[in-house]
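What follows is a set of structures to go through.
Below are two complexes that have chain A in common, paired first with chain B and then with chain C.
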Partner chain A sequence: MPASDIVGRARGRVPTGLLLVAPPVALVCWMIIWPIFSAIARTLWLPDPEGGRQLSVATYTFFFTDSYSLNNLAITLWTTGVCAAFLLPICLSIALYLRFADGKLAAYVQGLAIFPMFVPSIILSYALIRVLGPNGTVDLLLNSVGLPKINTPYLTPWGPVIGLVWDNIPITVLILLSGLGAVSDQSIEAARDVGANRRSVFWHIILPRITNSILVAISFTVLGIFSAFTLPYVLGPAAPEMMGPFMQRTFRDLNDPTTAITQAVITFCFCIAFGIFYVRSVAKNRKA
Partner chain B sequence: MAVLDIRDVSKTFGSVHAVQRFNLTVADGELVCLLGPSGSGKSTLLRMIGGFETASGGQITIDGEHVTRIPPEKRPTGMVFQSHALWTHMNVFRNLAFGLKLRRLPRDEIRRRVEAVLDQVGLAGYGQRMTHQLSGGQQQRVALARSLVLEPKILLLDEPFASLDQHLRERLREEVRDLQQRLGITTLFVTHGQDEALALADRIVVMRDGRTEQIDPPDMVYRAPATPFVAGFIGSMNLIDGAVQNGAFHHAGFTLAVPVADGPAILAVRPEALDIVQASAAGAAHVHRVTDFGAHAIVDIELGDGVRLKSQVPDARLWKAGMAIDLQPRAFAVYRDDVAIHRADRA
Partner chain C sequence: MDRPRTDWTGIAFATALTLLIVFPLLVVATWAFTNVWRYPSVIPQEFGLRYWHAVLGRADVWTSITTSLTLATVVTLISAAICLPAAYAFARLEFPGRNILFFSFLAGHAFPKFGLLVAIAGIFLNLGLIGTFWGVVLIQLVGTLLFMIWIPVAAFQSVDRRMEESARDVGASPLRVFWSITLPQAGPTIAAALLLSFVGTFYETEGAWLIGAPQVRTLPVLMISFINNQPVIQFGAVLSVLLWVPSFIALLFARRVIGSGSFARGFGG
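== the complex of A and B ==
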């Protein structure tokens, strides 16, 4: 075949490839990139008294000087951190068990760990209210054996924590399990052969090999939890409240779209900071 | 160094008997090869010695100490795995130093021992390399060095060269043999390659379906296989099913005098021990094909009923396809009920 024909065919593929990726790229630009820039512009380019518009950071100044807004940001960061702190050990334990265990019990545990993925957040919220809420199942059980009621986590900051941890178990377990799949049985056996006990095997062989998976899992859960809405809205306290319900209330109840957009931009900035941290960590690990 | 003693060791997985009442004593400094086809139980046996599988029955002792129920991290054994099993997040030095650090040796001692072993396996100066920067042969040397640096009493090698090409495999097995003899370390080597076993071992254990078929030095296993299975598994062998009647083995017109009782029998003749002569009349067989390898030739022979045999001859030019021939085995064995009942060597 002449070289010119091959080049011609290769050239012919370029527009086809571009056409294939064009719709999703256009959709991302329209639904994500454009709203981001639009939101930033709308919160910085504010109307002035003369009817025109001027560059101003007034909405951001308000957010960072308003104690209520700062409390909401703090409770969001606290919830995210506490959820991550609970999720990692819980899910790592489950993932380790599933990676090294065989048999029926492991299959049941896997089923239970993945189950929350198929439960909508709103159903989960009401289920938790029925179980942990005032006069819920736990209270009834305690009452039946003559014990006092629990201090319900419903409408406290612990309500969203419990719900979000349960809701994020499946994705975290799956990511960690896929990372553990890359740790071969023989590399673990080789470690035991040179004298490593279970703790040393975990610390020196398994953990360094799944660092990327842990970073991915934490990033995914942190991003999801930081911008969560349903569970904090239904299970959380009215004040302070997480950024999701806070934005919704500012937009709908207070009818203040500019402030709501400012809150969204600030939330987005925190999420992108987590994203940059994740990308840098993964890149650093790959280089190493 | 140490003596390994395996007594009546068995292993079952559900209803599968992977190893059945296995017995073996490996002398101090001896290299024994466990040889057998896939599923014969050789790797399972090695893993039981290493502590990675628990024996269902029997006992394993090293220098008189029972180790059957001791976990791998507490056994005085070192294992080299088929896939190298190097820790890719550590460099070569750290791979070797890991076991020594767990034993809390001083830093200088660790450095000295790691460098000495790297030198022994021909990898001096490779300590700071990451494992992915090494070739397959170098990775296998690192795996071997990782075991040797801990100075185990027993070295266990589980098909360590299986993933390497033929040339590298031959070179490494010579190096391993030299190193093993220099260090005088008691070694068990699992392989399904007969050439590897014949080249390396002081003794070969041929295994089949979890049982021992034969335990002997390589020349005995090759020259006097205990069972038809060993005869067929080691080297090239012509196995002819037939019957002995009135002091002669018969099969499709081929007859050979053998001093055994009448009954069914299997005749085993190696190609190099099967001479052929041009037949004056019809002959017992005819030449099917001649393959010239330069230094020698292989003549494919077809018996009257279509059974094919091989004969190794010095000169290919003497033989043509279709030529009627007679067979004259120089050395052979006759088997009945999986036992050799007669051997002959007319060389």
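== the complex of A and C ==
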């Protein structure tokens, strides 16, 4: 029956639509909204000796005075920053090339740039260990031409950086490419006609039009990398460790959920601006 | 007619990406079909399938394969059961709060994922769901909600309403219209969403590791323990190739979808 009939008949009761969307919405409330509020509440209202709970910032004070926690936070910020600094120029140049090239070679480049999307990060970690790890393929090849072995990035902070950059190339390229789609050929030709060179076309015509896409790409990357788990856990050093492995170890191995949740709330605070911006852009796009 | 210029930029990108993206994966594939490869030989001393027999003879590998397939199937079915009716409602019905509820599925994406998982695990701890199959199902189910609703909504919206109305005019029942008109048109897109949900769940590692391990061991979780504790290189290599199969199937299906701009727009691009 047409939608209007259903809504009309259901007047006075709960509309059918609400009933149909209730289960997934309830799941979002229970498994996303509630855990976030609960996390904030249980790290601020700590159990006191009398068996009740009282307002306290003790777990946060501990985090920000404990040098081990602070080192982990620092390495996380460092990794996120370095990854973004590598990703942006690499992906922007790939996207710019793809925007203005066509033919078989461009299709091949695009296919390769998107391909990592279809390689689960766990396989990627394994491949990087085999290639860059001790006695890996790079060592083999260097050795065969009589050169010394490399200083392997495996189990150093550079291990996760290489893995995370690799892993994030496809989505960054796609987001930037979609932004470049909004730059019209006419505006570029017009600028060229009045004598603008490549550099000034990029700075004055292209860049202002894709600023938003660049910000979206950065937000998405920051959200993904800041609490990345698998790649840092497998490729990174044991100490200092990134926030993802740190939270996991505190929660499961040290069996200290309150401290782990405190660390989670701290990651929320560091990413909140990027999160809100990202979600707003997705929502805006969907509406259009 | 002027000859096309040589595309040096393209050649540079193609070479660099082949070296950085294809080469590491080829190394793993080579290891998987190698019986003996001792340092410092550049090529393996002996190719063969010895380690395939060894890996497929391990009980923990089969348990993980079964666990992963069961989990992915259960999560996809539950997700379809609760999300598809909801998607239909979002696409076709009017009800109070429709917009805000539609965008509520974005909530999880405003937070760094692993932090959110830890917050959820805090709730699961009190409910005794840590280390259980259903705990992992729940955490992976939440991960499928956004695209299992948003993609089918787009599919239902693109169905030609006039065809449905004319079928009604010639006396078809609402169920018949849904079955014969709506579903065939929305079907392919919905199938893509189901495939995405299955493959995404199959590879979901972080929730499975945080909530399920060591009692519930999916294939990616087993792979992590192989990387950390297994000295025989080929075991990990063979498991990597096995692990890649669902992704390869998804790759074949997704080639067309991803090239189009609408896919990137879904990520906010």
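Throughout what follows, the second predicted complex is superposed on the first by the 250 of 288 C-alpha atoms of A that agree within 3 Å, B and C clash if a C-alpha of one lies under 4 Å from a C-alpha of the other, contacts with A are read in each partner's own complex, and residues count from 1 in each chain.
In the analysis below, a contact is a pair of C-beta atoms (placed from the backbone, for glycine too) under 8 Å apart; a residue touches a chain by one contact, two chains touch by 3 or more.
Worth saying up front: this structure is predicted, and the values here are computed from it rather than measured.
**Q** Let me test your reading of the model: by the given contact rule, A:Ser200 touches which partner, first (chain B), second (chain C), both or neither?
**A** first
**Q** Please indicate which partner A:Ala190 is in contact with in the superposed arrangement: first for chain B, second for chain C, both, or neither.
**A** After superposing on A, A:Ala190 lies in contact with chain B but is clear of chain C.
**Q** If we overlay the two complexes on their shared chain A, which of chain B and chain C does A:Trp34 touch? Say first, second, both or neither.
**A** Second partner only, chain C.
**Q** Which holds for A:Asn143: it touches chain B only (first), chain C only (second), both, or neither?
**A** Once the two structures are laid over each other on A, A:Asn143 reaches chain C alone.
**Q** Going by the contact rule set out at the top, does A:Pro208 touch chain B (first), chain C (second), both, or neither?
**A** first
**Q** Quick one: chain B or chain C, who's touching more of chain A?
**A** Of chain B and chain C, C contacts more residues of chain A.
**Q** Considering only touches as defined above, state whether A:Ala283 meets chain B (first), chain C (second), both or neither.
**A** Second partner only.
**Q** Would you mind listing the overlap between the chain B footprint and the chain C footprint on chain A?
**A** Shared contact residues on chain A (touching chain B in one complex, chain C in the other): none at all.
**Q** Spell out the residues on chain B that touch chain A in their complex, using ranges where they run on.
**A** Touching chain A from chain B are residues 50-52, 71-74, 77-79, 81-83, 85-89, 98-99, 102-103, 143, 146-147, 150.
**Q** Any idea which chain A residues touch chain C in the complex?
**A** 1-3, 6-7, 15-18, 20-21, 23-25, 27-28, 31-36, 38-39, 42, 94, 97, 101, 103, 105-106, 108-110, 112-131, 135, 137, 139-141, 143-144, 166, 171, 174-179, 181, 213, 216-217, 220, 223-224, 226-230, 233-234, 243-244, 247-248, 251-252, 257, 260-261, 263-265, 267-268, 271-272, 275-276, 278-279, 281-283, 285-286
**Q** Quick one: in the complex, what on chain A touches chain B?
**A** Spelled out, the residues of chain A in touch with chain B are 184, 186-187, 189-197, 200, 204-205, 208-209.
**Q** So in the complex, the part of chain C that touches chain A is made up of which residues?
**A** Against chain A, chain C makes touches at 7, 9-11, 13-14, 17-18, 20-25, 27-28, 31, 39-42, 82-83, 85-86, 88-90, 92-98, 101, 103-116, 118-123, 125, 138-139, 141-142, 145, 149-150, 168, 174, 203, 205-206, 209-210, 213, 220, 223-224, 227-228, 233, 236-237, 240, 243-244, 247-248, 250-251, 254, 258-259, 261, 263-269.
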